[in-house]
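Handing you a structure now.
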Amino acid sequence: MADVPLLEFADVGRDFDVSQPWLERVLSRLPKQRLVAVDDASFRVARGRTLALVGESGCGKSTVGRLAVGLYKPSRGTVRFDGQPMPSGSGRETMAVRRRMQMIFQDPYASLNPRWKVDDIVAEPLRVQNAAMSETDRAERVAALLRQVGLAPADARKFPHEFSGGQRQRISIARALSSEPEFLVCDEPTSALDVSVQAQVLNLMRDLQDRLGLTYLFISHNLAVVEYVAHDLGVMYLGRLVEVGPATTILKDPAHPYTRMLLAAVPDLAMTGTSRTPVAGEIPSPIDRPSGCAFHPRCPHATERCRVETPVAKPIGDGRVVACHLVGS
Amino acid sequence: MAAFVLRRLVQAALVMAAVGLIAFALFRFVGDPVVFMLGQDATPAERAAMSAQLGLDQPFHVQYGRFVARAVQGDFGLSLRQLRPVSTLFAERLPATLELSLAAALFAVAVGIPMGVYTALKPRSWLSQAFLVVSLIGVSLPTFLIGILLILVFAVQLGWLPSFGRGDVVMLGGWSTGLLTVSGLKALILPSITLGLFQMTLIMRLTRSEMLEVLRADHIRFARARGLPDRLVHFRHALRNTLVPVITVAGLQLGSIVAFAIITETVFQWPGMGLLFIQSVMFADVPVMGAYLCLIALLFVIINLVVDLLYYAVDPRLRLDGAAAH
Amino acid sequence: AVGLAAFQAEARTFRFANQGDALSVDPHMHNEAVLLSLTGNVYEALTGRGRKFEITPELATDWKQTAPTVWRFNLRKNVKFHDGSPFTADDVIFSFERAKGEGSDVRVYVAAIREIRKVDANAIDIVTTEPFTILPQTVSRWYIMSKKWCEKNGAMRPVDVRKGTENYASTRASGTGPFKLESRQPGVKTVFVPNPEWWGKAEHNITEAIFTPIANDATRVAALISGEMDMVDPVPLQDVPRIRSNPDLQVKQSPEMRTIFLGMDQKRDELLFSNVKGKNPFKDKRVRQAVYQAIDIEAIRTRIMRGVSTPAGIMVAPSVEGFVPELNKRLPFDAEGARRLLSEAGYPSGFEVGMNCPNDRYVNDGEICQAVASMLAKVGIKVNLVAEPKTQFFPKVLSRNVSFYLAGWTPASQDAHNALFALMSTPGEGAQGQFNGGAYSNPKVDDLTRRIGAENDPAKRTNMIAEAFRIHQDDIGHIPLHQQPITWGLRKSVEMVQIPDNFQYLRWVTVK
Amino acid sequence: MSALLEVRHLRVAFETRRGPLVAVDDISLQIGEGEILGMVGESGAGKSVTGTAILGLLEPPARITAGEILLEGSRIDNLAPEAMRRLRGKRIGAIFQDPLTALDPLFTIGQQLVETILTHDAVGARAARDRALKLLGEVGIPAPEKRLDQYPHQLSGGMRQRVVIALALCAEPRLVIADEPTTALDVSTQAQIIELLKRLARTRGTAVLLITHDMGVIAETADRVAVLYAGRIAEIGPVREIVHAPLHPYTTGLMGAIPKLGALRSRLAQIDGAMPRLDAIPPGCAFHPRCTQRLAQCDREIPRAVAVDGREVACWLHGESSRG
Amino acid sequence: MPAAESRWRRWLDSDIAWSFRRSPVAILAAVVALICVVGALFAGWIAPHDPFDLASLELMDALLPPAWTAEGRATYLLGTDDQGRDVLSGILYGARISLLVGVGSVVVAMVLGVSLGLLAGYAGGSIEAFIMRVADVQLSFPAILIALLVDGVVRVAMPDSAHGGQALWVLIASIGLSGWVQYARTVRGSTLVEKRKEYVQAARVIGRHPVAIMFHHLLPNVLGPVLVIATIHLATAIITEATLSFLGVGMPVTTPSLGTLIRVGNDFLFSGEWWITVFPGLALVALALSVNLLGDWLRDALNPRLR
C-alpha cells in the first residue's frame, strides 16, 4: 500500500518529570513538576520524502526525533512505523524495526566514540544486528559503506580525531547506513559545521536519498538549510507543531505569525546593510508555558482569545495544517 | 534550605544506622571480651553467664537492635574494658580529638591553599617545585615515622615542644580545652602537623591543579580582556572559583583526619578518641567500638552537611536551584 | 624541724610514665600489675613488701598461725582512711567480701580463705580452707578498702555491668596509704599527693606525683630524654646505651621475677597447627629436647636481650620462694644433637608447627619468638609464627588452643608453689593448671604440688618443691628461657627502689 | 575615514615541539572609526587568533612573530603587560563567543560591572553602580535594577551576551573585538545582538571587529569584510561586493555553499576537500589543492594581496591582471 | 614485526611520550620507579640473602652496621637488623610485598569503583542513589578502621596456621575496599558527562545492551582520570600498609613488607642503629615519591588544556 506513510505521529506527547527529589518535594511541599517537551504532535512522513522540523532551541525538535526512533516512549498518542505501532523494549521485534531506522546526530565530534576505530564504529550495527556475518564480509561491507559516503576504505583504520568535522559526519552517516535503514532521523546534522562542510554533507544526504530512496526526518533550526533538503516542513514552538505543510509553500507564504517571525530573523545575504525590526521577547520556559497560545506573549497580533484558548491545528487548504486563531477563520 | 538540612539529617540517621549494622555484623569476629573481663581464673560456666548477662551470646541483629534502641536515648552502655559509661568516656576524649583534628585541618588549609595558589601562579619558579617535591616527601613517609622524627627533632634535640600529651587543659563546662594554656598550645603543634601533613599536601596539590584549570577558563580570559588587574583576576575570580572543588575534597578529608588521628594519637599519646578506639579494638570492647564508628559516621555526615552549606555560600548557582524550580 | 619545713616548702613533683594506664583505680577490679602498682600507693594490704622485697607489716602489725588453718592478724591501731573514717576489723571483713564477691578480679588472692572472724576491733582470725603456709605473702596484694566509704558512695561491688552505671571507686580512691589520689583523668594523668596523716614515716621527699601512660616506646623514651619525665618504665633494651650516655639520666635494671618460657601442647593426639597428622610430635620427649637444645640462649641473651637477661633452667626466678639453685642449669645448646634427636624421634626432615606469641607483653617477646623460629628452622622445624597483641594471644593460651607458644609467669605469691600449681599441674578444678597452655601432665608433680600447698615445715616443703621441679625439668614439660630485666629510665636526680615485681612505690622516691 | 586600528603584516605562531606553527600569516587590515569589519573563514582559519593578538591576550605557546598593531596611530603590540592591561577594557573591548562561560559564575553581574568600571575610572562606588545600571539599559536589558544583583546563571543566554557586551563597553572603548558573539544564540536573539552592535557603531563611533563564520550575519552587519583562509587574508573589501561578486575562488566557493532562502537549487556548490591543518599547509597558495581554477604558479608561490576595484585579493588569477 | 614497530613509533611520536621526554622530573621518577619495581620483582635473584628464609638468619650477625662503617661486614651491604636479617635483602623482598599490596588493593578498588561508578552514572535513579549512599557509608570507614575490622574478622574466623598468608589478602581487601569510593565518584562524574554524548545515544539506537554500552563505549572514555587516581592511590596504598603495620595489622614480622621493616626499625631510632629504619624508609620514600611524581606528570600530560 503506497498510501501508508512510513512514519506517523498521532497526537503524540512526551513529558519529562523534572521534579525535585521525593524527600525534598515532600518537605518543602512542592508539587510534582512536569515538563511538556512535545504535545499533540501529529504528522506523517511518506516514503522517500523528507520532513523537516524547525524551531528555536528547546522547542522539542530532538524529542520528536527520539520518539521517532524509539529512544523515548511517548507519554500520549502513538508513533507508527510502516503502519505498525513502534515496539519498545529490546526484543526481536524491536530489533527488526530498529534495523530499518537510524539516527544521525548533531555533533560530529561527540557522536563518534573517540576510542574506537572507524571500522569498529561503522561495523557496530552490523555486529549487533547480524552477529552471524563473517569478519571478511563485514570488512567488505564497511569498505563499501565508506566509499558510498565519499571516504576511502583505508580510512577504516583511523580514529575519529584524525578526521575533519565534515568527514566525521560522513562516518556517522556510514554507520547509520550500515544496517540498510529505510528511515533516517537527522538531528541537526550540520549545525556544528562550516558552510563549506555543510554543503558537502547536505549534498551527500540528498544524493543518498536519490539513490537509495531513503526517508528523512530532518531536524534543524536553519530555514535556509531546510528549504534545500525538505519536501515537507513542520514548525515547532514550545513543544507544539504550529504549522505543517509543504516546505516551499510555508517558506514562501508563512501562515503562522511565529513562522513569519522566524523567517524574518534569518540574516540574509541579500539584505546587506539594511536594517530590520528586531524580534522582541525571549522564549518562555517550557515548564510554565504561557496559557492559551504559547506564542501570544511575543505575537504582534495576539488577541484576548489567544491568551485563554489553545488553538487547534486545522488544515487551511493548500496542504497545510496551522494552529493559530487568526489563520483560516 | 531547612528542607535541605532536614534531608541531610534523615540521611545522616540512615548512614549511621547502616554503619552500626555493618559494625555489629563484624563485631562477632573481633574477639571475646568476656575472657578479659573475668580474669584468668574464671570457669567456662562463669564466662558463659557473663556473656549472657551482657547479651553477647545473641545474634548480631538482636545486639544491634538493642544498641540502637538504647543509643537513641543517648545511652551507649558500659565500656567492657573500663567499665565506665561509653558516653562518659567519649565526653572525656572527644574534645581532645576534635581540637587536634581541627588544628590539623586548619594547618592543612592555612598552609595548603596559599602554597597551592603560589605554585599555580608561579608554576616555573624553583620555590614552587620545591614546595611540590618536599610536600610529597612528607607524605611518602608513614605518619608514625613522621611523628617520631618530629619528636626526635623538636622535643628531644631542640627541646622546644613537648613530645606527648595535651599539656595543661582547662575545663569549659564539660569541654576540656588545651587551647587556652601555653603548654596546651605548644603540645598541639607537633601532633597537628603530623596529622595535617597529608591533607595539606593534598589540598595544596588540589588547589594548584584546580587553579591552573580555572586560570584557563573563559571567564578568566574575559576578566583579563576587561582589563582587570592581576590581583583581582587571581585572588577574586580565580581563587574563588578554585575553592568550590577544594572545599568538597578538603571537607571529605576532614572526616578521614578524625579517623587517621588514631595513629597520631598513638604516637603522641594524645588522649583522644583514636587512642580509645584502638584500645577497644584490642579488647573487643563492643560498645565503645560501635559508638565510635557511629560517631565517626555522624561526624562525617555533619562535615558533609557543612561542606554543602559552604558550597551553597560560595556557589550561587546551587543556592538558587530551589528558587529556580518555582 | 625547721630544715624539714624548708624542705617541704619546695615543691617537688615527680613525673613518671608507664606503658599503659590502670583501667581503674578500684583495687579489686582487675588483677593487673599496673593497677595494683598504682593503687598500691593509695591502698594498703595487711602485709606489704619492703625495699628488699621482704614481707613487712602493713595494716597488720603482726600475725601468726594459731592452728593449721587459722591465722591471727593484729591490726594497726589509729589508722585513718583518706576520707577520715577509722580503719577497723570491719573494713577487713568488708574488703574480703568485696574481693571475693561478684565483679572482683582479685579473688585469687583470697581464694584460700574460707572466712574471716572478727576477734575485736583490732584483731582478726583468717580461716583457710586448707593449711596454707604462704598466706602472708598472698594477701599482700589484697588491698583493704573502707566499708563506710564504699557504702556511702555505692561502691559495694567493683563492677555492676548490668546496671550500666559507673562505679564510684573506678575513678576515686580512699585508702590508708602514704599517698592520696588527688585527681585522675583515665588514660591521661593521675595525680598523687602525700598523705600527711599516714601512720608510717615518710621516706620520700616529693610533694606531688604525676603518672602518665605513654604507650609508644619511642615517645616514652623521648619524654625522658627531653626532660618531661623523671622516670619511665620500661625502657626498650636497645635504648639503654643512649640513656646511659646522657649525663642527666640513668638506667636502673634488675631481673624481674617473671620467667619467660616456651610451652608445647602435650595432650592432643594431633596438634592443632602442624603438618604432622595422626600424632603429636611434642608427646615425644626427644622432640621437646630437640627444641630445647636447638635454642641458642646465649645468642638471645646477647643480641635480643642486649646482655641483660638471666638465662633460666627452671620455671621460677631466683627471687621466688622455693627457687632451686642447683637445678638452674640449662641443657647445652646443640643444634647437631637436636637434629639427631629429631631423626631418632622419626622426624629426620623435621616438621611444621604453628607458634603463638604475644608481641606487646614481655620484653622483646616478638623478637625472641622470631629468633626461636629461625633457630628451629636450622634444625628442620619450620615454625609458622603468629605474633599478636596480648589480648588476642592470651585467650588462646587460656583455652589451650595453641600448639607451641611463648609466655611468661610471675608467681603472684612470689612462691614456687604458685608456679607449680598454675603452670605445671594438670589442668583441673578451679585455677589448677589454668595457665598450663600445653596441658603438661605428670601425676607426680600434681601430687607434690598438692602436698606442698599444705606443708608447714619449711625444710620439707623446700625438698618437695625441688623434687617437683626436678621431675618437670626431666620431662622437659616446658622450656624455660630467661628472666627478663626490669628496665627503668630515671633522671640522675631521682632515687627510687626497684623490686622484682616491678611495683613502683612512691613511698621510696626521692628527688634531688 | 582615519584608521582607528591598523594591523600590519601580522604573523602569529604557536611554538610547538615540531617547530613553529604559523596560525596567522601576514595579515594586514584597517578599521576606521564607527566601522564594522567582518571577518569570516572556516573554523581554524585564524580568526580568533587575530582577535586575541590585537587584545594582547595571546598566551604561550602563541606569540606574535612579526608585524605590528597600531591603535589610533601608536603601536600596542610591544607594550609592557601592565600598560597593555590598562588599554584593555579601556580602549579595546572584547566580546567572546560563549556567553555561558564568559561571566564569572560566582559574582553578580553588578559586581562584575562595578569592578570593571572601578578599574578603569576613578569614580565612587555609587557612581559606578549608576553607570552599570545605565549600561544595562543601553544594551537592552529590561528592569536593570533587578538584574544587577542577579547571578549569570539566572539570565538567559541572550541576556548574558548583552551583559558581556555591557562589560565590554564599560569604559567606552574605541574598538570592540566581537568574537562570534551570536554563534551560541537563537536566530531571534542573534538578530537582537546584531542590531545592538550596529547601533553601537553608529551612535558611538566605536570600531568593531566582528568575527564569525556566518556570512548572513556579516552581510547584515559589516561595512567591510575580510575572508580568511588558512591564516591568510584571501580577500578583503566592502561587504556588498564580496558577497555578490567574489573574486577569490575560495570566496566564490564559500558564497556558493551557503544555502539561501528562496533560491531553490538542485545542488549546493561545494568546495571539495578540507582546509589544510596548520602543520601541513601546502606551498604556494594554501587553497590551491581545492581550487578549480588552479594556475601553474599556484603551488609554487604565495600570491600577494593586490587591490582590485577597491578591495584586495590574494590570488594569482587577479594578481596577474592588475600587475600587468 | 612492522606493525608492532609502527605502533611503537607512533607511541614514541605521541604527545605523551614527548611530554615525558621533555620532563626531567618524570624521567627521573620513572627510572627510580623502574629500579624499585625491578628490584622487587627480581628480589629472588638480586638480593644477596633470603630474608624470609628463617633458617638462613644468623642471630649472631644481628645489628651489624652498613658495610662501609668500621664494624660493617661486606656481606651485609646495608647492615643487618635485630634478627640478623640483611637490610638490603629485606628492602628488596619487602618492596615486593609492598608493591603486591599496593597493586592488589588498587586493582580491587579500581574494579569495584569503576564498575559501581559506571553503573551509578549510567543507570541513574534509585540505583545511583543507592550506590552513592553506600559510598557515603563507606567513606565513614577509612582504611584504618576497615583494616582493623577486617583483620579482626579474619583472625577469629580463620585458623591460625595460615595467618601469614592471610595478612596479605586482608591488607589488599581492606585497603582496596576503602579506596573504591574515589574511583566510583570520578567515574560516575565522567559517565554522567559521557552518557549524554551522542555516541552513547547512537549505540542505544543501534540496539546495544546497556551493559555493553557501559563497558564497550563508556569505560574506555572514563578511564583517563582513573589511571591518574590509580598511580597516586598506589603510593597511598603502600604507605597505608606501612601505617597499618604500626597498628599491628600489617604483614607478619617473618615476612616483612617495607612498612613492617620501617615499623620494626622505628624502635631503633634512638639507639643509634639508624640503618634498620633509614634504608627501608628511603626505599619507601623513593618508591612512593616516584610513583606520585609519575602520577602528577601523567595528570598534567593527559590534560589537553595544560599541554
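Each chain carries a letter (A, B, C, D and E) given by its place in the written order, and its residues are counted from 1.
By our rule, a residue touches a chain if its C-beta (ideal position, glycine included) is under 8 Å from a C-beta of that chain, and two chains touch if they have at least 3 such contacts.
Owing to the predicted nature of the structure, the values given are computational and were not obtained by experimental measurement.
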item: Set of chains whose contacts include both subunit E and subunit C; value: B
item: Chain whose Cα centroid lies at the greatest distance from that of subunit A; value: C
item: Distance between the centres, which are taken as Cα means, of subunit E and subunit B, whole angstrom; value: 24
item: Inter-centroid spacing, subunit D versus subunit C (mean Cα positions, whole Å); value: 90
item: Separation of mean Cα positions, subunit E and subunit A [Å, integer]; value: 50
item: Subunit B and subunit D, separation of their C-alpha mean positions in angstrom; value: 53
item: Contacts with 2+ other chains: residues of subunit C; value: 218, 222, 225, 389, 392
item: Sites on subunit B at which at least two other chains make contact; value: 31, 148, 152, 156, 266, 284
item: Numbers and ranges of subunit D residues touching at least 2 other chains; value: none
item: Parts of subunit D lying in touch with subunit B, wherever the complex brings them together; value: 55, 57, 85-90, 93-94, 96, 98, 101-108, 115-116, 119-120, 151, 153-154, 164, 167-168, 170-171
item: In the complex with subunit B, residue positions of subunit C that touch it; value: 23-24, 29-31, 105, 107-108, 111, 159, 161-162, 164-167, 170-171, 185-189, 212-216, 218-220, 222-223, 225-228, 389, 391-392, 394-395, 398, 430-431, 434-435
item: Residues of subunit A touching subunit E in the complex; value: 69, 71, 90, 94-95, 98, 101-103, 105-107, 110-116, 124-125, 128-129, 172, 175, 179
item: Of all residues in subunit A, those that touch subunit D in their complex; value: 56-57, 164-167, 194-200, 202-203, 206, 221-225, 227-228, 248, 251-252, 261-263, 265-276, 278-279, 282-283
item: Touching residues on subunit B, where the partner in the complex is subunit C; value: 31-32, 35-41, 43, 50, 53-54, 75, 77-78, 80-85, 88-89, 92-93, 148, 151-152, 155-156, 159, 162-166, 266-269, 271, 275-276, 282-284
